[in-house]
Amino acid sequence: MELLGLLLLAFILICALAVCLTRNLMVSIIILMSQSLAMSVVWILLESPDLAITEAAVGAGVTSLLFFVTLKKIHAIEGENKDGKAEK
Amino acid sequence: MLENLLQTPYETASIILFGIGFTSLMLQKNMIKKIVGFNMMDSAIYLFLAAKGYIDGRKAPIVVNGVTSVEAYINPIPSGLVLTGIVVSVSVTSLMLALTVRLYRRYHTLDIDEITALARKEEP
Amino acid sequence: MESVWQNIPFFCILLCIASASFTSVLPKRAARAVCLLVVLAVIAMSALLIGRVSAYGGSYTYMMGHFPAPWGNEIRAGLLEAVVALAFGVIMLLAILGGLDRIDEHVFDDKQNLYFIMLELLLAALLAQVYTNDLFTGYVFVEIMTLTACSLIIARSKGRTLVAATRYMIMNLMGSGLFLLGLSFLYGMTGHLLMSHIHEKVAALAADGAYPRALTVTVALMSLGLAIKSALFPFHTWLPDAYGYSTPTSSAVLSSLVSKGYIILLIKLFYRVIGLEIVRQTRINNVLFVFGLVGIIMGSLSAIREKDIRRMVSFSSVAQIGYIYMGIGMGTEAGMVAAVFHIFVHGMAKSMLFLSTSGLVQVSGESKLFRDLRGSGYRNPIAGVAFSVGSFSMVGIPFLGGFISKVYFAKAAMLMNPTETLIVLLVLAASTILNTIYFLKTVITLYRPVPADGPADARRPAFVVSMLCLIAVNFALGTFSQPIIEAIRAGLRMFA
Amino acid sequence: MAKLKSNYETSAWARFLRWMKGGGSGLDRSMIRSLGEEALPSQRSESEHLAIERAREEREKQDLERERLIQERLHAWSRSRGSRLVNALYRLSAIVVCIAIIYVLLSSVSELPPFGRAENPVNNEVSARYIEDGLAETGSVNIVGGMILDYRAFDTLGESHVLFVAACAVVLLLRINLDKDGRPTREKLDAEADDRKYEPHNDVILQKISNLIVPCLLLFGIYVVLNGHLSAGGGFSGGAIMGAALILYVNAHGLTKAGQHRLFSYRVYKALTFCALAFYALAKSYSFFMGANHLDSHIPLGTPGRILSAGLILPLNIAVGIVVAWTMYSFYTLFRKGDF
């Protein structure tokens, strides 16, 4: 159990560094999502199932979805912008 | 100092995570990266709080078989505080993302420095 | 629980919260009426509470729910809390009244009820901040305040408001993060969230000399977080944009209520949670003191260079917040009394300045530059008079509030050691001169006769009423300051 | 009569009224005339003034121009040669700041009480009462649920309003305004057309899988909400699960198909949020008021462990769950096309 906890913590920290260093926004959000999942397992280890279920639903679920739809919207705006320029 | 820290790996990790998150919230230029940093910073604080409530060898605070003695369960207070905190951070994240979409629609960039410069230029 | 009047703080907070969800389904006119009614009710109840509390002669606690203090949530009311709540309510009401027609212009029709929801929830958060006796409740309502303030900025989607709101949010998120981390440290050390219990524990810890560094870091984290949120000098970069471009009601509310809410929480933290003695041992108050002094000078210097009247007034806010932090940083009761009094003075004068500026801008072709504002004092006389009174109060002309608070700051400085006294007095003198330069320059510009008349002004009765009330309140603060100072002093004694 | 009128016109009240109407300054008419007479000879000085002003404006413009030139040069430099240097410095400073923050915080954390001990200051009489008497006093088997919805309910009331504020702010930011007469504007139609481009084009795999998963997810969400007082979970997490399920459905089948359901319009959203939050606020204020005045609230706690138990906790969880599910869904659609 102890070893699993340490491994997960190391994974979380590596994820944090990776998020800072990647250039691709999509990749960094996917890393954040996996970090959230690891975090929810850590919460199981810390005997807080309420937090685990909330983190899994919110951190890995809804927050990531919101990030994705934001990125999609930004690409949409960008595409629209390029279309507009091409028409001109 | 180091011995103490190694005995409390959860708190140590949470503080390092807080440092990384706080720095990226403060110094990253990209809005999305800033928001990601904010999320990491908040989850670091929650990890710290939850670690404070944990007690070795005790179970989650859900009453089983009617046993209600203090020795059976961990401290429920940090869990409650973190639950409240998670709601707050989701709300803030959604607001920040909405702001990002609006900013991008207007200035066509995600770099906050560039956005500030553009805003200065457009209206003196 | 002895009598019914002790429910008043609870009624105030719950009324604001409940009316917010009710407002969300109303059309805009009804929303506006409900919002005004709620604020009026809060004012009336707070005034009643002042009378009752001063007759009762002490503060009392009120449990939120069936469980007593360390288990359930608790709020606590005393004289100072009641006075602050009344002042906040009055400022809120006058700010809404003064900017009503501009809200109509600046906010889209189908989104106006959202604007009034924000105002109601902001008032709820401010009141909760003032009355709460639980640190975590304070944190939750700090977050509500941050979000509502951001929405008040973006309600007008023109100019730089979006960028300003984003930068405001980033600074505030950093502040909340630091505050929450400090809160968790404090919880880890003491095991309590209730202010009075933390106070006992912290006193015991400090007496034992346990966790010396952690205690200092905790106090530093929490005060730094609140200082960032209330725009103390090096963290003020978001402020001029945010105040300068949002709709006038938002600017008035932001500058005179939101930043003050955080400062009230900081004062509570120093007085009731940590204890002034221990704060002085950690020397955090000296840091705040120095930042406050630098902020006074730098804010005034930046205001002098500004060509835009709204931004000039915003920079003057930075200087005035410097005054308040200087008073808190002195770490003495006299300094604290002066700081609390200055919170009132600045709140009243600054909201009046922002609102009257909007009136002046309206008759000058919507331009905020000084060269277009020439002679606008004739075109919109009531706004011109209000602006002059506000500026004179900020400069420190006798019979106005600003003069009294400067006198009290100087008196408080006399009680410190000689070098500090000298520094404070020098800074006060320098800032008075700088204030005179930029405010007098503005007033002269407003009253310069111009040959060609500008567009005719369109004054609304609500605006005139709000301006007249604010002028009266400012004179009252200057001439009847003694009872207010006494109330603050008595309230601070009950506070600890 | 005429005399009366002229008397009235020079009286203080009339002057005040005129001033209130904005009909000029408070000066008397005679004084205005004298001002005007003085102003006549100074006509030339007026033009001189104008010339001076013009010169100053010219100078200001030149200053601005110069500033702009300098900035452009700086910009060009930073783009070409300076960018690498500046970026490196920026990164270095970021790392230094990060390490400094971490060091200071770690050094104070090392002093704090150790991890996982029962005798830590956190484990005091407060948590003891929650554990020992929580079941009897709140009727909730899940101690955390009982704590946040009964003991510390004021915090939770604030928390649910944080979410409400965020939802309002997102509507304020992203909802596209209608015309004055309620017809969709050009912007709105554009946004819808733009959104249609990014709809999935009948992805069969996604649709089949979502048909399979979405009912299960919804059911699980409802289970988590309804069992908030019996096991881990509660209104917020269950609501978030339901919201995620709805978003998945919309993603697979497109907004147009889901949009036909009347359940997901702005009006329904407003009404539901209003009902749930108003119920929440009223229920809690009733219980606060009764508790603070030492009155019995007459809410039966039921048998612990039953689904219908724990007093107000179950209805509050349901209210929060509804608000959260709809809010999450509305966030998604607002982000995508700026409306419901």
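Order of writing sets the chain letters: A, B, C and D. Residues in each chain are counted from 1.
Basically, a contact is a pair of C-beta atoms (placed from the backbone, for glycine too) under 8 Å apart; a residue touches a chain by one contact, two chains touch by 3 or more.
Note that the structure is a prediction, hence the values are computed from the model and not measured.
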{"item": "Comparison of A-D and C-D by number of C-beta pairs in contact, larger one", "value": "C-D"}
{"item": "Centre distance in Å when chain A and chain C are each reduced to the mean of their C-alpha atoms", "value": "37"}
{"item": "Centre-to-centre distance between chain D and chain C (centres being mean Cα positions), rounded to whole Å", "value": "21"}
{"item": "Chain A and chain B: spacing of chain centres that average the CA atoms, whole Å", "value": "12"}
{"item": "Shared interface positions of chain D, touching two or more other chains", "value": "105, 107, 109, 111-112, 120, 122-123, 126, 130, 142, 144, 152, 155, 159, 162, 165-166, 169, 173, 231-232, 234, 236, 240, 331, 335"}
{"item": "Residues within chain B bordering two or more other chains", "value": "9-10, 16, 18, 20-22, 26, 51-54, 58, 60, 62, 77-79, 83-84, 86, 88, 90-92, 94-95, 97, 99-102"}
{"item": "Multi-partner residues of chain C (each touching 2 or more other chains)", "value": "136, 140, 143, 147, 150, 154, 181, 187-188"}
{"item": "Pairwise chain contacts, counting only pairs that touch as defined", "value": "A-B, A-D, B-C, B-D, C-D"}
{"item": "Residue ranges of chain D touching chain C (in the complex, touch as defined)", "value": "19-20, 22, 24-26, 35, 39, 46, 53, 104-105, 107-109, 111-113, 120-126, 129-130, 137, 150-155, 157-159, 161-162, 164-166, 168-169, 171-173, 175, 177-178, 180, 270-271, 273-274, 277-278, 281-282, 285, 287-294, 297"}
{"item": "Touching residues on chain D, where the partner in the complex is chain B", "value": "90, 93-94, 97-99, 101-102, 105-107, 109-112, 114-118, 120, 122-123, 126-128, 130-136, 141-144, 147-148, 152, 155-156, 159-160, 162-163, 165-167, 169-170, 173-174, 231-232, 234, 236, 240, 304, 331, 334-335"}
{"item": "Partner chain B, residues of chain C touching it in the complex", "value": "136, 140, 143, 146-147, 150, 154, 157, 159-160, 162-163, 165-167, 169-170, 173-174, 177-178, 180-181, 184, 187-188, 193, 241"}
{"item": "Touching residues (chain side chain B, partner chain D) in the complex", "value": "1-2, 4-5, 7-12, 15-16, 18-20, 22-23, 26-27, 51-56, 58, 60-63, 66, 68-73, 75-80, 83-84, 86-88, 90-92, 94-95, 97-99, 101-102"}
{"item": "Chain C partner contacts - residues on chain B that touch it in the complex", "value": "18, 21-22, 25-26, 31, 34, 38, 41-42, 45, 48-49, 52, 77-78, 81, 84-85, 88, 91-92, 95-96, 99-100, 102-103, 106, 112, 115-116, 119-120, 123"}
